[in-house]
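Read through the structures below before going on.
What follows is a pair of complexes built around chain A, which joins chain B in one and chain C in the other.
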Partner chain A sequence: MVVTAVGPESPIRARQMSEPLSADFVVVGSGICGALAAMLLAQRGASVIMLEAGPRVGRAQLLANFRNSPRRSDWMSPYPFSPWAPHPVYLPEANEHLLQAGPYPYPAEYIRMVGGTTWHWAALAWRYLPSDLEMFSRYGVGVDWPFDYAQLEPYYQWAEELIGVAGAEEEHPESPRQKPYPMQPVAEPWAMRRIRERLDGTYRVANNPVARNSRTFGHRPACCGSNNCQPICPVDAQYHGGISVAAAEAAGVRLIANAVVYHLEHDDQDRIVAAHFHDPERNSYRITGNTFVVAANGIETPRLLLMSTSERFPNGIANSADTVGRYLMDHPSTSLTFDADEDLWLGRGPQSPSSISALRDGAFRAERSAYRLDFTNISRVDSTTRRLLQEGVYGAEFERRLRHSAAREMSVKTVLEVLPRPENRITLSGKKDALGLPRPQAHYAIDDYTRGGALDAKQHFTRIAQLMGGSNLRFTADDDFANNQHICGTVRIGDDPATSVCDSWGRTHDHDNLFLVGTGLLPTAGTCNSTLTAIAVALRSVDAMLPVAAPSAAGQGRS
Partner chain B sequence: MDRDSPVTFSRRVVLAGLLTAYTASLIPWALAASAPDADRGSFLVLSALIAGREALDTDLAMRYYDALVKQDPLFPAAAGAVLALINQHQIDPLQLQAWLDESRPELAGVPRRVATAWFLGIVDTAEGARALAYEDALNAQIVSDVLQPPSYCHGGYGSWARKPDPGQTDV
Partner chain C sequence: MSRVTIPARNALLAGLLLLAGHCDLVAQPQEQPGRGEYVAILGDCMACHTTPGGQPFAGGVLLPTPLGDIISTNITPSVAGIGAYTLEQFDAAVRRGIRADGKYLYPAMPYTAYAQVTDDDIAAMYDWFMTEVEPSDCHPPPTELPFPFSIRLSMAVWNALFLDDQVFASDPDQSEQWNRGAYLVKGLAHCGTCHTPRTLLMREDPSRHLAGGAVGPWEAPDITSDPQTGIGDWSIEELVQYMQTGSSNRSQAAGPMAEAVDHSLRHVTEADLQAIAVYLQTVPAVSTLSQVERAVHEWGQADNELAAVRGEDLPDEADGWSGAQLFDAYCAACHQASGQGTADGAIPALYHNTATGRPHSNNLALVILQGIHRVSEGHDIRMPGFAHELNNLQVTTLGNHVLSLYGNPDAQVTLEQVQGLRYGSAQAQGQPDLMRLFRIGGAMLFVGVLLAVRLSLRKIIRT
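== the complex of A and B ==
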């Protein structure tokens, strides 16, 4: 049975009411970006209070939730939503926290719990390509970032050292680096080795850079290959936001869980002076601070800004240019599944080890989407079992077919780029959640640019299947795009206040003392997941929130 | 319990009355005889046919059975009816679902419920689907020479880089 780790509790019941709710920095959200920013601010001497809408959870409970789940392939099933801080769930029935305005469904997933959404991720820790930050000047599409790759590079390194990234520099020349990865690549699963060897000469298959330990790092053990990176690494070999929160608290950050911020209050100089939050019983609290950092993810951050209306800001905080919530991006995926002509036995080792990067950049990006080709190493046992049950395969034949598919089935998917478009956006819906707060609504379309990339990939899918001696080829339908939960763009950075929410330091154009961190700041999506880049951007912003003495902030405050 | 006790003998008689030579040749009698009553005996026989195994974990079987009966008090009768049909029409397990879908749709849910219990360890209950087994579910057991159930360590660091060796311990 799936249970919440911690029931509702009054956020400040454990504290004396006389203790002032005030800090130098108030951080809203305790995900990987918010918690790391909070940790660094505390390490630099500031008082920091971090508010988290959801409850505290522990790894052991999440692991038990997974093993006891009747839907083990539903990675959200170990993460029940809290009535006072719902996140979207779609099974066994949808809770309709994120409403769909169409035209294309955007069934985003994220986690509102202490530690946030990286409790479950594949821990891919890609850097963007330099061109990903210069899409408009190089290809005439999308937008340029307010800084270039070289300016972000030291912060990438810092982020990689904070969270522990394993990779091989020579495998990733596409994203240049000044210093080596903190760890050697994680041992390559047998299945990925065979794919690499059989595609050699046509495609270069490389180990993904991952926030997964290939040796003891950060007092956490090396990967033990339990093939459960998603939904929960059972041994913390993989970095996640819960680890960031523990480090933040160790640095002196005060965490208040079950604190649902619903309003940011400004003064007549347009500075933010307070955040208002509810506890699970809908009691209200007001917390003051000198600087506010909203780190509530690519959907909940714009939701909070849009909810925070006033006479002066009728469209919400940081939204004088009507940019909050716009330019929503993610990574749609198409895929090919087939049976190889040799036994590979996916499911030994980590889940997402290898990719082809050759199609992530090129002049074609003026016309259609780039993409990464990603090979899964997720065990086929659960999915095959469910398929065979659906087909009514019983008796000895079940065992034969299960072993066949578990050994032979493999899959490759695209990770497609989406361009920033103002009409793809998060808005407030007319429906309310249990606390009476408007639920977010997604407006999303997959345009011809992205579809062009998907069509181009089919030839490569077919070629890969040929090279693997594939049979029983199963392509996803042309209009069937899976989502990757890389929510980007909704509070993007930029130099022009008319087309962005924050400046290059994550400071909102409208409010001097309001910073945003998280994947929502990324102005382009590229072809890799957004977490590492969001952390790097957040670390760069911390240098603006609370500078330290020269030379460079990068290198300070490593845990 | 003493296998030759009169109680066991009478269960055998009851079960035998259900079966013809066709089914009798397929079922593991020792397994069926371990059941404390005829309904559970029938469930074990049906389970053995659907799972394609002669040996089943009888403790797990009783947990599955109890959960299935709790959800549907008519389950024992339906399971017995399916077993009788298999017997009467000599239905191969591989054809069973299609046969019931076509000819006896009111019983078509029975084998899938039994199969879902054994292969996935999952049974529907009034509170929704419940996992009664994970590591011991047959889909984990069937591949246990090569794969650990996800969330269990494969082995020492890097053990997954080696070529799988089915039939051997792979750690």
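== the complex of A and C ==
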């Protein structure tokens, strides 16, 4: 089959004439969770249509865009912006798609495009700690999950095998596993090796488990060490949602791009019967299905549910308890940048290879946030160049200082835990986007729990700098927390319909045939990236949507 | 005969000592092969008689030829395979192309080369197949070629005309090493099956031994001592490294040669590879390319046209992308901005590379489409293929960009060529149109067949 990587999608109207808009399963959103769920449903015999608000763009175009971009460190710059499917943009100017109600900004980044936001991630594929799922019973803060780590463990393994995770099991006893990682770790970059060696005895520096090939896996090559995992892996050694979509389509899923779902319609039994969507010209379509799966990320999923109001659900679909959009979390980061006393040359190999895990758990979690310490391996050339030019440094002095910083500068950051609080939430704003749909608004605060963790980390920052012979120490300001784009909590799972949106299987409490998948389902944030855990939870939900052995509803609605 | 086998055995024993280290190198957990298995490895029986991932030697591999598709047979020791073969019947099949039921094999089975194999090697291989190979009851579908080739007896005429059934004879004026190399190249390793051009009736042209042939659409290049087009400029060490790894700075194995390296050559002892290299360097050059301006590994230099595309918006239509834009998006991440590859040579430079320096471009276009896939531990995708990402025009544009910057500027990629390569209808370039030749040759053969039947029957009875 010949497929071109780029080019306009066939007009939806033309396709509708030949193919009816109805399927066993309608999946809204084509990110890594939605696409993998769609793939499995199709593999189990169901007819599946997946709707994606944004366009289809290939890896090569993104890579060419990146190489052509004057803003190399703006990882959103290669990604297309579609007025009909807007996502937040901050550079060169903020577009205010996500409005900020305060008091602390929540400048989330995500990508509305076929394949979703994992087109540009660092591919960190950590598992949660068992305690991350039992925060309330162990530490009296946060909330317990409706199931424990042991129940999630096989789905973690499945997720890791689907996306290809490289890791060393002996380095990660904190998250027990029954089977080995699918791949051995990617080669350790020189800088990380030196950091590990010099911190040895005080801190154990471990490789990050990553969805990045250390060998040929899934018909994709091994990492070539280009150090642009973000914004775009040039060879698909790093897994992303575009690969999930290709697998879903190969399994028979029908993808409709540029289809902006704006309303979910229910019947008098509270079952969802249709999704309504716009094309870029604001024509409207109605797609019917037996089961609906919303996989539109931690902000756009609650936005769609909140927009889907009716007489019976005036606050939106799945929102009878006013829980949709609440408990918004992320992993705020503080950091220390300094110059080591030896050449490290950050920028060779993957961007985010190593971490210290020792501070991710402990009795202190009753009082203040846990955190992971993460060492970046991003080349310092671009950031140093911009800084020196801003300082007015030119000529030979510029070259000398650029070389010095490129060789010696290093950075360590916290990945801090945030507690689920109902007042941290996504709501609909009064402002509309290009299609006339209300833009989302973030209400967010950094509480003393998280600030306590950041305060604690400073002593470790200082100690690490000492061990590396650091000079020119630059701490981030006390009230400066970077957003890590780990949008979770907003449609969380739970046993109590009064404090959650979905049951443990991702089925909404209000609607039998409406499932949600994605990072929004995670009730706690833990101290690691949320994607792998969201995939594991989604895979568990697929077993409820369409069990393997059951004769199933599949086939009934097949056309 | 013993003149060959005794030094061969010595070389083999010396080589086996080295082989253990070699096996570690390629992380093969298997034990050292015994003699019969080693002979089967040298003969690369695996390549044609094992489907990818299938049971070894159970057959069923589809071999496209200008005559039609030939399907390889089950050669495991079972009823479905060669379980009932005597040594004599095995010998007749391998060295003379005659099955146990008296029917003729098509020369897709390289019995014309195996005819040179010694009695001892045949016997050792027979013992190994009968005692060590796991039997399979698989019955691959029979080969059904169009008339007149469907008459297998027509091969009797062909054999009478072209089959040299003499076992390899050593040249007393040459060294033992050279003789060992010649024996392997001409016999077991059957290099000429691909690397020697064919005549009108598909015979390997003896006057152009190893001067460059074809396997389907792939060019099997000149491996004579010609310093411009062949391997005359290569060192022994470089040739051995290439055969062991499929890679040197100036050339990388892809397609059928990658299979030959993976299934056969990388398991061959260093002593035997050295013997092969020594022999190859003495194979007379045959000037197939008149007035070659430069050697095939001397074209091009580090260069790029990226400045011309920086700051330019990418065309919306895939067909509008320039060569530099395609190179930037698909190639530069690994082969680097100026095509220079990586400093450690793990990813080769595109210039000073035979992949871009030959006058024919099929191999380059096929590698862009299919990539380079190897059977080895961990890194079997040496280069990803782009058939699913690039359309035919893009492959054409990209191929010509690479050739013009880094390779032989006389070489061109055309849209029709890429279409043919993608859909499998293309033939190798620079070779006679084998299908047309064969139609002519086949007609002539058919006219002669009735007259020749008596002669050939007599020949069968004699043997």
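FYI, the second predicted complex is superposed on the first by the 534 of 559 C-alpha atoms of A that agree within 3 Å, B and C clash if a C-alpha of one lies under 4 Å from a C-alpha of the other, contacts with A are read in each partner's own complex, and residues count from 1 in each chain.
Following the convention adopted for this analysis, contacts are C-beta pairs under 8 Å (C-beta built on N, C-alpha and C of every residue); 3 or more make two chains touch, one makes a residue touch a chain.
Treat the numbers as computed from the prediction; the structure is a model and nothing was measured.
A.B. asks: Applying the document's definition of touch, where does A:58 land relative to chain B and chain C: first, second, both, or neither?
C.D. replies: The answer is second: A:58 touches chain C but not chain B.
A.B. asks: Please indicate which partner A:363 is in contact with in the superposed arrangement: first for chain B, second for chain C, both, or neither.
C.D. replies: After superposition on chain A, A:363 lies in contact with neither partner.
A.B. asks: Given the touch rule stated above, what does A:68 touch, chain B (first), chain C (second), both, or neither?
C.D. replies: both
A.B. asks: Does the superposition put A:220 against chain B (first), chain C (second), both, or neither?
C.D. replies: second
A.B. asks: Give one of first, second, both or neither to describe whether A:477 is in contact with chain B, with chain C, with both, or with none.
C.D. replies: neither
A.B. asks: Using the touch criterion from the header, give the chain among chain B and chain C with more contacted residues in chain A.
C.D. replies: Looking at chain B versus chain C, the one contacting more residues of chain A is B.
A.B. asks: After superposition on the shared chain, which partner residues are touched by A:235: those of chain B (first), chain C (second), both, or neither?
C.D. replies: both
A.B. asks: Could you list which residues of chain A make contact with chain B in one structure and with chain C in the other?
C.D. replies: On chain A, the overlap between the chain B and chain C contacts is residues 1, 63, 67-68, 214-215, 222, 224, 226, 234-235.
A.B. asks: Which residues of chain B touch chain A in the complex?
C.D. replies: 49-52, 92-94, 96-98, 101, 111-112, 115-116, 119-120, 122, 127-131, 134, 139-140, 142-143, 146-148, 150-164, 166, 170
A.B. asks: Any idea which chain A residues touch chain B in the complex?
C.D. replies: Residue list for chain A touching chain B: 1, 63, 66-72, 92, 187-190, 193, 214-215, 222-228, 232, 234-235, 343, 345, 347-349, 379, 381-382, 384-386, 388-389, 391-399, 402-403, 406-407.
A.B. asks: Which residues of chain C touch chain A once you look at their complex with the stated criterion?
C.D. replies: Answer in residue numbers: 306, 309-312, 314, 316-318, 325-326, 328-330, 332-334, 347, 377-384, 387-392, 394, 422.
A.B. asks: Can you name the residues of chain A that touch chain C in the complex?
C.D. replies: My answer: residues 1-8, 58-61, 63-65, 67-68, 214-216, 219-222, 224, 226, 234-236.
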